[in-house]
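You will see subunit A twice below: alongside subunit B first, and alongside subunit C after that.
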Partner chain A sequence: MTEYTDISTVDWSRAQFALTAMFHYIFVPLTLGLSFIIAVMESLWVKTGKEEWKKATKFWMKLFGINFAIGVSTGIILEFEFGTNWSNYSWFVGDIFGAPLAVEGIMAFFMESTFIAIMFFGWEKVSKRFHLTSSWLVFAGANLSALWILVANAWMQNPIGMFFNPDTARNEMVDFWAILLSPTAINKFFHTVLSAYLLSSIFVIGISSWYLLKKRHISIAKKSIIIASIFGFIVSILTVYSGDTSSRDIAKIQPMKFAAMEGLYEGGTNIPLVLTGIITKNKEGIEECEHSIKVPNLLSLLTHLDSDAYIPGIKNVIEGYTSHEGKRFLPIEKRINKGQEAILALKEYKFHKKNKQTEEMNKSLKIFRENYEHFGYGYLNTPQEAIPNISLTFYSFHIMVSLGFLFILIFITSCFLIYKDKIEKYRWILWINIICIPLAYIAIQCGWIVTELGRQPWVIQDLMPTKVAITDIDTSAVQTTFWLFAILFTTLFIAEIRILMTQIKKGPQS
Partner chain B sequence: MRTIILFENLSLFELQQYWWMIIALLGAVLVFLLFVQGGQSLIYSLGKEDKHRTLILNSIGRKWEFTFTTLVTFGGAFFASFPLFYATSFGGAYWAWITLLFCFIIQAVSYSYRGKENNFLGKKTYDAFLFINGLISPVLIGIVVGSFFTGSGFHLTENYSVRWDSKLRGLELLLESQNLILGLAILFLSRTLACLYFKNNIESKGLISKVNKSLKINSGAFIGFLLYWVTILIFSDGYTVNSDGIVNIEEYKYLHNLLQLPINSAILIIGLILILVGIIISIKKPNYTKGIWYSGIGTVLLIFSIFLLTGLNNTSFYPSTTDMQSSLTIKNASSSHYTLTAMSYISLLIPLVIAYIWYAWKALNKEKISSQNIKNEYKY
Partner chain C sequence: MPSWGRKMWIIILIKLFIMFALLKIFFFSNFLNSKFKNQEDKGEYVLEQLIKPIK
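Then we have the complex of A and B:
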């Protein structure tokens, strides 16, 4: 598969996909969480009949609508880019990866797009209850959509429930439920959607705080803060919990990524938790964390609920190690050799099959099966290629976690002050609430950087390196489309921000 | 006797055919929903006056998500059921698909942004985006579907890695006249359907009299291009695959398919008749509003049967013009039995999806759109 691989095409294809995914994910989290807040507000309107709830619902819905269109339009590019830029990937795992995308379309997108039309245009055309049901179905559709795409992403991080078919040279699904209900998928779904709800709560609190500072729309702003701070507090606690289970899962299935997140070069037992630190290159030329503030034994404790537990570092993953559970992991060098044996065995299998040499064919297949778990390593040139970008992964992870805890404080403070009806008196807190809006976006983007950059060089963990997954295409073509997308996205982003700011300035009454 | 509903009991080939029919259905619904694009391509001719343009865009603007979602689902279903096509066509015809993507990005935001204050590019620019999307998307979709019959230059390695043999990376599809004719037929079909939809959905005498004139021109062009394309198709060769999976060229392959698949041919003819019925009655009776339903159902039937024509009866649905044995068929391009079975259970939700779309559509279209009633509503 690699005979045509051009590294510059790989880099540009990655850049294009990262650009699209990061731009897309500016808008998606707000859709996921704001739809819930809107549905709750509308429920309160239907229940109490108070017009202020309706006004608040319509206002947040307007912001939701501006955000929704751009999220949808960038989503379609991601789906199609799997084909346009990652065609080897599309065949190698299309049997598994395509299914969640199709299910997403059938189950979620139609639900979302159908009921969003009712949500915006149906106020005077359908009953109150039907309209409310539509608002809840928009929330359900958006979150169902997230479920399926995250199941697909989780499978790339933890490929299970499949079998490699040497005749078709691809992985084929054998257990749909194992893919859907894998711990990685469950953790990923909950952590991602909860963090999206968290961002939406911060967004609502921040904008409402601005109104309080300006002494405008005070009643609606306070009502919005009540809903968002309670919701935000609950989801932030759940986000911490899902983050913790997610990290433990990563430690088990992606030890290199885990080591990169912690900047841990040399592992061992009783590993401390790094609160903060600086990444520098060591004697071997590999990045690791130094000058750090640490809590003794805590990483071992959090990861394995045992302060004496062993955790491998980057060096250990490269050189081979025995995990806390007692499983032996081979050095990368050996895995590369075994991966190459698997690739060669597949080639020989095909050759013998073509020549109808059954015995030799079975022999090659046996060698292939024995070495398949190392298949992807056969495409790596050196063990060092298995190391992701440590500094970006480390800093992104620590920024995300630190901001997450800051947001919990914000929710607690807002809950308390709104309960005491004193929030307007603390103008500096209102300002912090506003500043938290961009910080929430930074945190959520950092989360995806950890997920996607930390798992490099793999597009499918241990089975397919990213460089093998690309389409055979000239670099210049991908460069051109990268810049076209960059210009278009920047233009649309400016338009989006300006429209959003104008609508916020106008406020709920307009 | 086996129970048909248990998809596990179907053979791989039966599942492949079932999924080709699902793809055909999604493709057909997508082409019908291109009336949104057709309407956008008419904004400068029918919507010279601002009030008319506002009516047009608020009429079709309430349906753009359906077209968009159907396109995404069509792509997703193709990926899941025939991943080799996804890898081949999308990766190979790079520029065709990327151009289509650009057209759709600018569409989604334009509806949302055009009427908003401080929208950076100005209303005229967003209207131009909508026009570009309306004009180019149907042509490109037609061209890509056309390539199911004319093929593309590619070959597959022993591990099914795709190598595209043209440096133009999809632009060469535009140079194939047969593809271009189908693209133009789809464009004029979308414009025809848009005219019929406006008659059904908009309350404005001034605008509807312009729509009636436009309907005559666009439906005439559609029928002309469609008949031209069908004539070429009947006399053209096709790629057939034998029981050993060997691909050969067969003279008059699509004519043979028409004769050997009588039910499909009947669907095609009924579809064509319904389209014509909808158009003819709407032209003869200027106040007639139900033409969209005849022509809409006709479009779904026609396109559905065209898709079946290219995938069933041992036909290669994506022939390779440079390496015949690399041609894609529903047999060699499909997902595994297990995946198609799992997906088939999901497909049972489609009637439910159609039912709620129908219900919501009816609820929103209870009364026609007029300058008066959109004053009080969320509008584009």
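Then we have the complex of A and C:
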């Protein structure tokens, strides 16, 4: 039997964390990608001496500054929440989560902040080249910040390079490089930053298209579209590649999430790729994809480079399966039993330690270590608890991928029409470019929904379910701060949109 | 400083005040730090939380 903290506290804590993280991530991608576009434009100004490049640099820098000012330190709220709402988790992850975040704070954030000051206030005070170097270092600093945070997140999806200390109840880092260079961390970093560059390119193209529609700042708008569409096209191809490698990694380490992304209930060999479909509940009451348009064998081919490859579905993960590589995965029911053995062994270890019974202590510890990989399952009541929200994961994944391919078309079209100098004639394309700005934000948020919702019930894959991670506090306390955040974030968001719109209307010459 | 720059500084300062002087102090105390004085007690508490589900 298991008992838990009030489930509504879990839900409200999750809702609050999701609200904060999603709000924070409205600002992050533009900081990551626009800094690159700005640095390229400034480099062209330094190289050619053409004032238009300087004007373009200053204009995009202004929008970057507004985005940075509104977004800065919204991420710190997440750290507040760790300490208040997620104290079991915060303690359990030990220095593994703390170390990358500390490196991020000391190295990357301060580097970014220092050079942002030079970038904004140093135009007439430092040399051209020093200013340019500062702009590039802002780009590097922002991306380094992202690296450390994504490494911490990747560890939660694929916990490796650590050792659980039963005396302190903390995971201790034993292999920093395994954590930093895990395939999950590398894939996550590249896919996240590349998609952020993609969003920034869409942002620049969309706003430049608005100027073309209004027949204002035509030269700067066209120059901006050239840079953004070339950059956007290159990064969108790389985003597809990193998304593909990321999916393969998910198939290996989070098969349930992978099945949810595809709405795949019953796996097998020669699995088709679902292009689109509708999620409905089946006879067992579990959601799966039906009425779909599929490409035969393609999912097996993309995942294992073999069209005959076996891919487990939700049912197979629940019942146990043998992977394409021949590795046997236990049924969830068995993992629950093993997890409970691990928890019981930990309890007994604590008891024997208190009574100084060394031999029994070692016995308990051995059982605990043997079953630690199933530890988190011990907190689940039924195997069905291991299934995430299928419909949200499936639809978010398919929206993200579809929009990603739409953006590739946007980059190709913009590149071609700018090259032919005909872009103003196709007003409907200019309108689509503008509409793509909110779509890019939707795509990027969908990506995080897949990542974070698709891995439920885990806060740390297989080791700690979300319901065990939270602090045993009153739901009302979390509800109060949730609404406070909702008001604060909405106000900030409205402020950003209004200030951005005013500056966009004024344009580069103001 | 341009007017948009002044607006930005005002927003940053108000935001930081709300976050650090109000939210952090009144709503977001660190649970373990506020309940326990040393690392050992914190570890002991979390361990209890981890093993309590098994009756």
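For this structure, a couple of remarks:
By definition in this document, the second predicted complex is superposed on the first by the 506 of 510 C-alpha atoms of A that agree within 3 Å, B and C clash if a C-alpha of one lies under 4 Å from a C-alpha of the other, contacts with A are read in each partner's own complex, and residues count from 1 in each chain.
Note that contacts are C-beta pairs under 8 Å (C-beta built on N, C-alpha and C of every residue); 3 or more make two chains touch, one makes a residue touch a chain.
No experiment lies behind these values; they were computed from the predicted model shown.
Superposition of the two structures on subunit A leads subunit B and subunit C into a clash. When both complexes are overlaid on chain A, the residue A:I70 reaches subunit B and subunit C alike.
Once the two complexes are laid over each other on the shared chain, residue contacts for A:L101 go to subunit B alone; subunit C is not touched. In the superposition on chain A, contact of A:A495 is made with both subunit B and subunit C. Look at A:F329: by the touch rule set out above, it reaches neither subunit B nor subunit C. More residues of subunit A are in touch with B than with the other of subunit B and subunit C. Applying the stated contact rule after C-alpha superposition, one finds that A:T84 touches each of subunit B and subunit C.
Contacts of A:F176 after superposition on the shared chain: subunit B is touched, whereas subunit C is not.
Looking at the shared chain after the overlay, A:F110 reaches subunit B, while subunit C stays out of its contact range.
Legend: residue contacts after superposition of the two complexes on their common chain; A:Q340 is shown touching subunit C, with no touch to subunit B. Legend: residue contacts after superposition of the two complexes on their common chain; A:W431 is shown touching neither subunit B nor subunit C.
Two complexes overlaid on chain A leave one subunit B stretch from 7-15, 151-159, 205-213 or 223-231 clashing with subunit C, and it is 151-159.
Subunit A uses residues 1, 4, 65-66, 69-70, 72-73, 76-77, 80, 83-84, 87-88, 90-91, 168-170, 346-347, 350, 471-473, 477, 481, 484, 488, 492, 495, 499, 502-503 to touch subunit B in one structure and subunit C in the other. Only residues 4-5, 7-9, 11-12, 15-16, 18-19, 23-24, 27-33, 39, 42-44, 46-47, 49-55 of subunit C touch subunit A when the two sit together in their complex. Note for the complex: subunit A touches subunit C at residues 1-4, 62, 65-66, 69-70, 72-73, 76-77, 80-81, 83-84, 87-88, 90-92, 166-170, 340, 343-344, 346-347, 350, 378-379, 468, 471-473, 477, 480-481, 484, 488, 492, 495, 499, 502-503. For subunit A in complex with subunit B, the residues that touch the partner chain are 1, 4, 65-66, 68-70, 72-77, 79-80, 82-88, 90-91, 94-99, 101-107, 109-118, 120-126, 130, 134, 165, 168-170, 172-174, 176, 346-347, 350, 471-474, 477, 481, 484, 488, 491-492, 494-496, 498-499, 501-503. Across the complex, subunit B meets subunit A through its residues 62-63, 65-66, 68-69, 71-81, 83-84, 86-92, 94-95, 97-98, 101-102, 104-109, 111-113, 116-121, 157-164, 169, 335-336, 338-339, 342-343, 346-347, 349-350, 353, 356-357, 360, 363-364, 366-367, 376-378.
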